[in-house]
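Listed below are the structures to be examined.
One chain, chain A, links the two complexes that follow: it is found with chain B in the first and with chain C in the second.
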Partner chain A sequence: MKVLNVVGQRVPMHDAAAKITGQAQYTDDLVLPGMLFGKLVRSTVAHGRIKSIDVSKAKALPGVKGVITGMDIPDRVYGIVPKAKDEHALAREKVRYIGDEVAAVVAIDQETAEEAARLITVEYEELPAVFDPLDAIKEGAPLVHENTPGNVSAQIHKEFGDLEAGFAASDYVFEDSYYTHAQNHAPMEPHAALASYDALNGDLTLWSGTQIPYFLKRNLSTTLVIPEQNIRVIKPKVGGGFGQKIDMFAKDFCACWFAKELGRPVKFLYDREEVFQSTRQRHPMYLTLKTGVSKEGKIIAQKITAHADGGAYNSTAPLMITLSCFFVMIPYKIENLVYEGYHVYTNKPVGGAMRGHGIPQPRFAIERQIDQIAKRIGVDASEMRLLNAIEAGEPHPAGFIINTCGFADSVREASKAIGWAEKRGKLPFGRGVGIACASFPSGVANMSHLASGCVVQLSSEGRVSVLSGAADIGQGAETVIAQIVAERVGVPMEDVHITAADTGLCPLDAGTFGSGVTVRAGNAALNAANDIRAQLFPVVAEALGCEVDEIEAANRLFWVRDDPDRSVGMRDILRQYQYIDRSLPIVGRGAWVPPADSATTLLTNNGNLSPNYSFMTQAAEVEVDLETGRVNVIKVLTAHDCGQPINPMLVEGQLEGSILGGIGYALYEDSTCIDGQQHNPSFLDYGFPTMMELPEMEGIHIDTDDPIGPFGAKEAGEGTQLAPAPAIVNAIADAIGVDFDRLPVTPDMILAALKKQREEAAGEAR
Partner chain B sequence: MRLPRFEYYQPGSLAEAVTMLSQVPGARPVAGGTDLLVNMKHRVEQPAALVSLTRVSELAGVRLEDGATVIGGGVTLKHVQHDEGLKARFPALTQAASVVGSYRHQTMGTLAGNLLQNTRCRFFNQSVEWRSVRALCYKAGGDYCHVMKKEGVCFCTYHGDTAAALLVLDAEVRVEGPDGVRQFPLAQLYSGEGKAPLSLGSAEVLTAVIIPDSSATDGDTAGGSTYVKHALRGAIDFPIVGAAVWRNGDATRVAFTGVDRSPLRATVLEEALAGRALTPAVIEEVAPLAPKGVTITRTTVQPGSFKRELMSALFARAAGSLL
Partner chain C sequence: MGAKRILTLNVNGDDYEVVCAPNTTLLEALREKAFLTGTKRGCDLGACGACTVLMDGEAILSCITLAVEAEGRSIRTIEGVSDGGELSPLQQAFVDHGALQCGFCSPGFIMSATELLAENPHPERAEIQRRLAGNLCRCTGYVKIVEAVEAVAQGAEGGAR
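This part shows the complex of A and B:
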């Protein structure tokens, strides 16, 4: 039994008070002397060749300090995945979607910059555009990028076992198709960048609302043609990212470019409309599932075909389609499996990483189809999930190493807590329950650049300073890392001060994506804190007259485990440390990279994708208003194996956020396009759920003790976003007997389905 | 998104406000600003000057005049919602006020402002940059409609909540302008045109809403009034459809919002109900008539068939609650 003092405690976020009192500084709060303001000019056509750009009126406007177009900057492409780089900060020959950047201006104030932007006229030769991935792959479809025939910019084909033999051995084979729509991350803080240039030293500093400072630095270096060592990226407070802030954007490049050219600080801040239209969104996906099962409901073979609508650029395309593929192999055991996935360019807003990253789409399809199959063959949908549940230690077809797995327990606990036995199929018409399941990696293990580093300094006064590269985007990464360090060094939280995500000061980190921060950066912090112990504890042992491994530490006190009266305080120890002439401060260093037998690219090789895996079952109860079609989500609960939570309160925050996000994905949020133009680019029209739509929520913790995560922790961030939507749609099916196969399920769809149901019933009665 | 530049005036009396509105070129009145300022940010309305009505004391307060209830145009929706007298006598109005937008819209927004809000369309209520992608529509000063290909007609839809309630309460409005004071039935405030939805002169101020004593109900079994709204979410949103029903004995009045270019009384439905006592069977019988005579267009993303079903459903729900 582990005794923990800081880890595992409900510690408030270390910056919560600063955020609540408005003192926390986000990028747009930062003001530098002489600062200029920027504005981007965006394409008004979905697909077109740029014939000419007239910037003369903008340049002549008093207060304008600079205007650039794509032809004024180096011809260098960028992108988050090195081999899939396809974006220019400003378009050169061609624009590929409405909202694509074509020019940038800076001026002495925001109003002047906006006025100047409106004075720039662009003449286009309009080209035929394509708005649906299934059209884009057809012979003769317009090419979004000339170098990508068929518009397929990333694809994956994985085969395990013998699919055809599996189908032949199945009692039933079902084929069903599904569609999932575009969802916007809608972070509270719009995207912003502020750059400053020191011409004497050639040093560029960028403050940016980013999730991955180190990747941003690299992309800036290659596109600005400035050595990486001359670029410092600082992440101020970030008001939410959800994956939308992992990419470099035009605002980052243009702020840096103008700062360097003009020698004055430059700020770019996106409007909410720009966030919707010109950053990233969850990929819409067409999915077809062919599944063979035994009469008991054992899944014997499954083939999944997926076409993702990538929009105009790649962003994370290869990674997204890979994750989409690998996470259909878990949490169910499917021995004969084929996944075929395509990332397809269209002339639409760009798809990118979004909480769950390529996985919520197939999870919706799989979890829906399990319910449909269970109904067709007459088995219980919860039992069917248990029958197919993966277990710890089993060999995995793709080579995942699953050390701990609370999945089957999560199915049992969630079913019990939602009242499955009493309610499923037994509630009055209009009311129903549903469950859905998922698993997620704690970061991606065997791809490049995925090390985290940490430096911990213990000063002569006992102040613990932590340098971490981890990017806290509001989820509480800095708090979690500080808790790990406090626990290991033996001090309370208030003694720990963390500086993070400043590439000029902090060690390398992969950044915030793939739900890897707690395990990766947390282990780096644990190693650095252990390094402190290695230096400090011999002195403690000498003072206490015991062995190093007998020492317990907490709350600035050290004592002998079996004789707690023999103790000494941190202050005394640090004084003794000085008296024996050891040098202070004590500095601990740590780094961590997920263990992997061999580095693979996953697209071509298999392997253990992640250091560990979270598992969960989410259950929903809904009530459908049969007259208006409105769905009231009454309750959502999560039975969750995230290992040892470092901070249970922050895990609850993730669970609750995922439920609201899942309700949005299932019922409300639809980032629609009309003729390629994003149609609802405001919080009013996009209409994500509010506190008014919040259901009763409950979290059930499934205990596991993972050997790899720090203190046994696994991810608790993105995974919980996978199952709420299918759980809700499964509950709707239980409530009204309608099997929706596309998202979101809106009141008009429900009324239309009920009407059809009544007409069919009347037809049968006749 | 930023506001365009404009001049700002803050008169201390109604007379002063009317003078400013008639003399300052391009001046528009503003109270809570929850509708107008958003439209100004989108550059779909760009008045050169705003005349604030917040310090015009004549627009304040709820009082009785010869038995009729007079609500000052500047009374906030929050005030309307919590006025005990209004709540007891005209529940449809206080219910409608309580579901407008969000808490902040209700504390800033006024009753007159809610009645006078501009009509809306998914192609019109967008930023100047967004609209620059396609042809300028009728409402924005162009010669095209992105919703209906009908020449010269703008289908922008009215989405205010309180208007439907006040229509079934047979309310009148009082306006004051350079030519003096006039008072007329609320329905006449609306022109029925999407492009220019109001029949007010540019220097006229809506000073009061008058509800006749005959519309008061005391919640007994024979009478009452109510407003029900279907919106995307439980707060913030405009009604996709809103329905108000008033009943006293065998008399029933029904009005809708969110379905056409102005809020309107459901005349076909009311005729079918004339002289008949409301019963569950009667409600079920006449509910399908709710959408009759209404021109529903795709100015919002919801399909017309859905809105027609909602009209029947919301009427039935509202009427049923008054039984």
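This part shows the complex of A and C:
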């Protein structure tokens, strides 16, 4: 790792003290004078036509200030992906899942709003509903959206090489099917929105717990028919997102609508059940893999068919299925490859971006199948991964440009560290080790609206103020950006003050998704800081009597690289800057967009999907309790190529959080939905890992220095969420010899499999 | 709902007069009536620990405690943990170890860990895990939280206040 002053250091988050003292303000902490409180009325049927809505009793309740239904607001759809917009803030003719929004009320306090919501009666004509994507694509299945025959709202078909010739040339061809389930993001902070309206100027301000302030602003404008320049979206602190807050929701639109109509601030806050039921979840997916291999384990050809359960609306559908497709082409080299993916509507809660976004599902299938194939043909599962490993600089079938790649090293290091040679297949029954691999983009290139901007202001007293559009949702984006600026301008962290994700003040940014913030917004900040240097350093060079490119800067001090005794401080330089009559503050501007051949869509075109790619191998050791079927994850280690970490402490935090999320995904987190009704929409019933489930963890840094990322950085937020689940299930297979093909692997499944195993053994013995 | 009445709640040494219904929770009284918003609402079901406060020194879940139950008791919230502008050693340890990300669960963790260290200044790792298992965190994976509490327990950050 390179040695720098601020970048690469374990710097605490700049807002850590505010958070740890309770002073940090999240959306629901904000209170405005005259504020009203809102509540939504949600569908109680999975699929139905709205016959009538009676709001008279609600309107008559003292304290109620407004009631609206879908017919009272403009007939405009919203959505995060422009061409896949399919959602109304409030349903108009039809409801499509239990939890769909049908009406909204506001009142002087929360109790009154809730009482009013209960007084609204909705009469439905119930329609036949469909709850499984494989049923939904059958002829004659109920249509969730009338304009979408077959319920397939997004699909992708990619073909590389010659699949059939590849299968023909293979020594073995195996076909296996897998299923992954619904996981909820379960951010600790429930979703909230607060809007206020200035009647004189027509200005609308929305505070929202969002990952995408600029997309939200645009959608507010188009749906509520308010000019975009009159809308300001401010992201307060966000209490976790994991992709769930990439979307916008009825709360945002209704808060804004009422604020404008009533001229008073309006707040909407979702309860935990609404978060589970009516926001987003990880797409369940059916996957079938047909894979041809040589007798050594080289993958010659692979066909993957995927059906994603999208629930009632699109959300990120085209992007999700595209990512799902493109990331089966990495980290393995597969010359003959076909991916067919379908995003299918059902009458269920809506699928959306969740940490990994469409990729953990095929990763589970691929990494499971590699282990199964290795066993069937008698090769080592770790060696088989190495044999197929992608390398930097190789031509890629889809056009990925991979400048740095620590993948093969990650396989070797993780295998070594978990004790693969000594443990795999050699531990006592009930105990096992497994590995799984992955790669992830540092944000998505080749699509529109992916630029980030940054403004850095250096004041006369040396205060560095940064404006960035990046949305910090708790991962530390603001800290990373501040570190980059501090490093380049040559000041300590405490001199840098960042204001971010306020669309009224900050330059455009795409938002927090695709794990692209550090590379994209980080590069924008780097460019802005370089602009400061370009203005300031000629004055420094003059003061020091040297050339600009001889200057080193750190801790408010500038010196000549080869003669450190020749130095000058920031205050002196800023004074000199003023004396020569240059205007202060010095303002640096920067922007960055991932290099791409053309702004296009990867749904139809190939190309370099991302500015750079992270790689990782994760290894797990588990112990299966043969009495209870419970799995104890003893250890998870990660060999990780995330380039040069800007802040190793924050990278570790991302890694550790993903491992716990991966344990939950592998073993128990399951948003259960039966006939359209969610059965566990609470923290008590859903259950995600607590401190008691904490395994031993170890991170191994695979050192690469990426030429595109700022200071060599790559993504570190999402990629590590991909491999823990298959690594754990592979370890379970090693422990008890059972190959599970669906998630989560519950104690019931394990006990049933062990019972079957005993019965078969007894049968053979007879 | 029943008749509302004025309660006097002693929070962080100060008396707050708040109008509460019989079913008003302590969490609602703190956040919405005393404007002490450091205590967080995560689930309203006593399942996540984000609303943890100390009542007569004991960590309780304010979202499933009625405000009336808190009358005459001594309530300590996250706002009462730091001494003026100074972080408590436990808070400082959380900051230094990166034991927080989004920060939404952090006040609850600080309250639970403050109670733990007051009872046992030197807990072993297993006890820390057991005692803090009622506080959920979705970001950190808990590792750094355990390490921060351990650092205080082992004296690296001074004792808990």
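One rule holds for everything that comes next: the second predicted complex is superposed on the first by the 763 of 766 C-alpha atoms of A that agree within 3 Å, B and C clash if a C-alpha of one lies under 4 Å from a C-alpha of the other, contacts with A are read in each partner's own complex, and residues count from 1 in each chain.
Basically, a contact is a pair of C-beta atoms (placed from the backbone, for glycine too) under 8 Å apart; a residue touches a chain by one contact, two chains touch by 3 or more.
Please read these numbers as outputs of a predicted model, since none were measured by experiment.
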item	value
Broader residue contact with chain A after superposition on the shared chain, chain B or chain C	C
Partner chain(s) touched by A:Pro726 [first = chain B, second = chain C, both, neither]	neither
Contacts of A:Pro747 with chain B and chain C, given as first, second, both or neither	first
Which of chain B and chain C A:Glu111 touches, first, second, both or neither	both
Partner chain in contact with A:Gly653 - chain B first, chain C second, else both or neither	second
Touched partner set for A:Glu627, first chain B, second chain C, both or neither	first
Which superposed partner A:Gly356 touches (first chain B, second chain C, both, neither)	neither
Touching partner for A:Gly717 - first (chain B), second (chain C), both, neither	neither
Partner chain(s) touched by A:Arg272 [first = chain B, second = chain C, both, neither]	both
Touched partner set for A:Leu684, first chain B, second chain C, both or neither	both
Shared chain A contacts, counted only where both chain B and chain C touch the same residue	111, 271-272, 684, 690, 692
Complex contacts: residues of chain A adjacent to chain C	10, 12-13, 15-26, 28-29, 31, 111, 185-190, 237-240, 242, 271-272, 473-476, 649-650, 652-653, 655-661, 682-684, 688, 690-692, 694, 697
Chain A partner contacts - residues on chain C that touch it in the complex	1, 21, 31, 35-45, 47-48, 50, 77-79, 81-82, 87, 91, 94-96, 98, 100-107, 110, 128-130, 132-146
Footprint of chain B on chain A - complex, ascending	42, 44-45, 98, 110-111, 114, 118, 271-273, 627-630, 668, 672, 675, 677, 679-681, 684-685, 687, 689-690, 692-693, 747-748, 751-752, 755
Interfacial residue positions of chain B with respect to chain A in the complex	1-2, 122, 125-130, 132-134, 230, 232-237, 301-303, 305-306, 309-310, 313-314, 316-317
